[in-house]
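Here chain A shows up in two complexes: once beside chain B, once beside chain C.
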Partner chain A sequence: MQIDPSIKSRPKYVAPELVASAGLQLFVSESDAGHLLEPLYRQCSESGAQWLVAEPGNAPGTLADSLSGYLQRVLSDAPVTTRLYVAGSEGFLWDIRNQALSAGLVDEQIQLAPPVTKARRLFCTHCYTLMEGVTSSPHTCSGCGRLLLVRDHFARLHGAYVGVQINAEDPEEQLEQEVLQ
Partner chain B sequence: MRMSPKPVQTFRDDFSYSNSPGAIARFPFPFPDDEYRYSVNIEPHTTPGPEGSVYEFLLDIDEHYLSEMAERDIVLKENPQRCLAMPHMDLACWDMIERCMQSLAADYPQHFSLSTEGDQWTWENRLLNIKDSFTFGDSSTLPLPPMEYMGRQLQGDFALLDQRDGDLFLDAGIVTCPADWSLAFDAGMSFSEWHGPVPLAHEMGVFERALKYLTAIPVGRPVRRLNWTLTVNARMDTSPETYPNWGTDRASLTADNVGEKVHLRVELQVLDRMPRSNALMFSIRTFLISFDDLVTNPDWARRMHRVLKTLPPELVEYKGLGRYHDLAVEWLSQYDPAN
Partner chain C sequence: MSIDSIPVRVMAIEQVAPLIREFKLEAIEGKLPAFSPGSHVQVIMPGEAREIRNAYSLCSDPAMPRRYSIAVRLQEDSRGGSSFMHGEVNVGDELAITPPANLFAPVMAARKHLLIAGGVGITPFMSYIPELKRQGAEFELHYLYRGSQTGAYLDQLQQQLGSALHRYDSGQGNKCDLSTVLSDQGPGTHVYICGPESLIEGVCSTAKALGWPESLIHYEAFAAPEPGEPFKAQLTRSGKTLDVAADESLLEALEREGIAVPNLCRGGVCGQCATPVIEGAVEHRDEFLSADEKANGGCIMPCVSRAAGKHLTLDI
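So, the complex of A and B:
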């Protein structure tokens, strides 16, 4: 028996491919991830394609929140053959996907490009704080201050990996820092 | 024997929880063999089962009822997000209310009664001094959201699984005594996602087969399985949320206190199809027994030793036994002449 050590909830990503028959080609990206969608966009006719870019700003909430109103408006008028292509950090991908589902799309209409960075969004299982851009484990929770082991168990609804206190059984334990892959 | 609820005992701090001889006798010892291996161990939950057993009725109410309801209240007051229901699960919650109230009133008429006139229902729970009238299907007529209202009157954790696209999604639940999983994090996950961290079983095709079986369960034909782990102290709330409070329990074990502190934790899991919503009600009824009480049954003592001794390392790790597995095996070996 071949043992695959990966946790099954962790998403696997493949480069998006254009579905030529779509009534609307909708591209959504973070500003530094546009190059992942550029080749697909170039294949589209100008009239049938739209591209929304999320620019980092000072608004509260996630970057995807800043697009939410506009995305809902576009999707409310979109044909049923709409295809959505998303590129950015992993948390952003799932935020946009979740917004699209609540606007009536189904997963078959949505393609998420491989995340542009290995940095993760982290969910603290003790105080439910969400942290962005986590690159190594363990990571100190910005909410409760506990030292969290960053696990590979992933929740699509949160777009986040779970963090669990790493030294709860032995606070004296010496820990090594590991770069996340 | 049938169990009557006794006064409140605790699952935290001083851990006054204890099992009477009757509760020990009916404990659902989960091992059919000397070696534990994964299997799709699902069987029909045909009721009534043997009189007085934990399988007699759809929902088991035993001597720990008041204690578990008091414990659930503590957990929910500390963290209300241990109970949730997504908006599309409202109908499934009412399915659950109907199924649970009808079962309890029929199976335990000394404790519960239900009278209905059209959609005007009156529910009485004499164990908790509850008597409420409400309009069936109208959540605004209940004193609490429907999942919390019903869940606060039932022993064990409950989840409602929404069935779509041939998969099951964890979209509602009340989870205050889990074996180390978080409803808040796992909410909305598919069947294979929420089992993501379980080692070995995915590769064996266990979840694929189980999902096929579960999505085909018809109304009125519930199924059940047992699951198990070990817990240090009689602690019901072994959730990831509160792990900082109980992680150090594992380091508190010595050869002298294993029998008193280590508990076999058994989950009687029942899956029951809901008629209106097509959701599955997933009940996880947890039973705890100390090793001291467990070894009063020589067959259980011997088998528990052999199961732990032969447990694959991946499962020792996954069940969080690493720190005290050897200690537990050594202590149990005195009850197994073959060692």
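So, the complex of A and C:
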């Protein structure tokens, strides 16, 4: 499946770079994505940096309460000069980013590392169900059972790609599966 | 964009600081347009050699748009505008102003607003403060002035703001430690600076060195265009050639010839007066064009920028 360059909403990710002047260097990662941030963390002084790691085995799509609550406390005491670096799956990146924005940070302060997998979070535009780990299209919605075309349109609010029914005219029609890029 | 002017009458004049005079303006006919905090108007003044247009922040409450207030500091090296306002304007006189425009609006989503004013730079914040108070927004004002010259509205601000007002009278040796002010701030704090270029530069460089995100830093400087060498401007569309004098801006010279160029700030900030350059090197003095656009030389902001040599050819 080709990525359509005309789709502006799909995020482009670049490897994070350390902003040396930050008053607090804050790293947040899923347990299998730490290697993406480690070189940056090693450049920081111990006093000026903190690293929060999401525990493995959390239910997909829900930020573990412990991480979310801890991040909330760290951000509420953080200086305006904080820089946040995030690594993990794509949905996780945007969950952390959205939590940081609600704590007052702006996108300029937040760097999201390229997602560690191509698996997508999918948002069903019919029943609003969010599905995790979607790797091919079309995908059957776990909420309403419709067969969804996984589009490249990305909703930052949900950290998810948009899914729309692909066989509305003939729900019996089955379509060939494509692996998502 | 057409720039209509609004005739207004001077209702009251008050000396609000040794060098600052406040003018209350009222519409001669109908109502004045509503405005948002941080707005400014241009006052169009009949100067001796040419018409003078200066931008002044509205310093009254946006919830009460029936009257506008502007405050004008008498500049030692006035190009005519501030000395006209101080010397020639009396209660009852008519003036012409442009409708309000806003290039310095507060970001209402901010967690906290950190206002830093230098001298007559207090003016835009006089329209911010009533609105911030109505919204219940968290803010503090750091006000740097020289009591023998500026420091307008101090009593009023002290009464309204209490401990949210921090005063620094340089005449009494009170210095503002920008590093301390900028260090002790939480996420979502936006800083706004209005005052002399040195203050803006000081706050911006201190904030950047501390690691502030640039999108949280806002400033407004309405500096008069600096004089330069005289030059000739050739206009391809109208076929005219103008002489731009040393002490006038290219924009003023164009207006003198009856060539209307849209503009809002007359200070190299808003980008409205951008004019294509066909030939000739430009001495860029604006803050609007990017470094690349300046190097490319295809465009000039005639409100502040000039020819680097003896002549320019403009596509106008």
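Just a few scattered comments:
Rule of thumb we're sticking to: the second predicted complex is superposed on the first by the 164 of 181 C-alpha atoms of A that agree within 3 Å, B and C clash if a C-alpha of one lies under 4 Å from a C-alpha of the other, contacts with A are read in each partner's own complex, and residues count from 1 in each chain.
By our rule, contacts are C-beta pairs under 8 Å (C-beta built on N, C-alpha and C of every residue); 3 or more make two chains touch, one makes a residue touch a chain.
Predicted model only: the values in this text are computed from it and were never measured.
Once the complexes are laid over each other on chain A, chain B and chain C both fit without any clash.
In the superposition on chain A, contact of A:Lys8 is made with chain B only, not with chain C.
Within the superposed three-chain model, A:Pro79 lies in touch with chain C and out of touch with chain B [touch as defined at top].
In the superposition on chain A, A:Gln165 makes contact with chain B only, while chain C stays out of contact range. In the superposed model, A:Tyr128 makes contact with chain B only, not with chain C. Between chain B and chain C, it is B that contacts the larger number of residues in chain A. Shared-chain residue A:Leu148: touches no atom of chain B or chain C. Residue contacts after overlaying the shared chain place A:Leu157 against chain B, while chain C stays out of touching range.
When the two structures are aligned on the shared chain, A:Gly104 is found in touch with chain C, with no touch to chain B. This overlay, made by fitting chain A, leaves chain B and chain C with a least C-alpha separation of 7 Å. No residue of chain A contacts both chain B in one complex and chain C in the other. Of all residues in chain A, only 19, 21-23, 75-83, 103-106, 108-109 touch chain C in the complex they form.
Here chain A touches chain B in the complex through residues 1-4, 7-10, 123, 125-126, 128, 146, 151, 153-158, 162, 164-165, 168-170, going by the rule given at the top.
Within the complex formed with chain A, the residues of chain B that make contact are 81, 182, 184-189, 192-197, 200, 202-204, 240-244, 247-248, 250-251, 323.
Contact residues on chain C toward chain A in their complex (touch as defined above): 111, 183, 185-189, 208-216.
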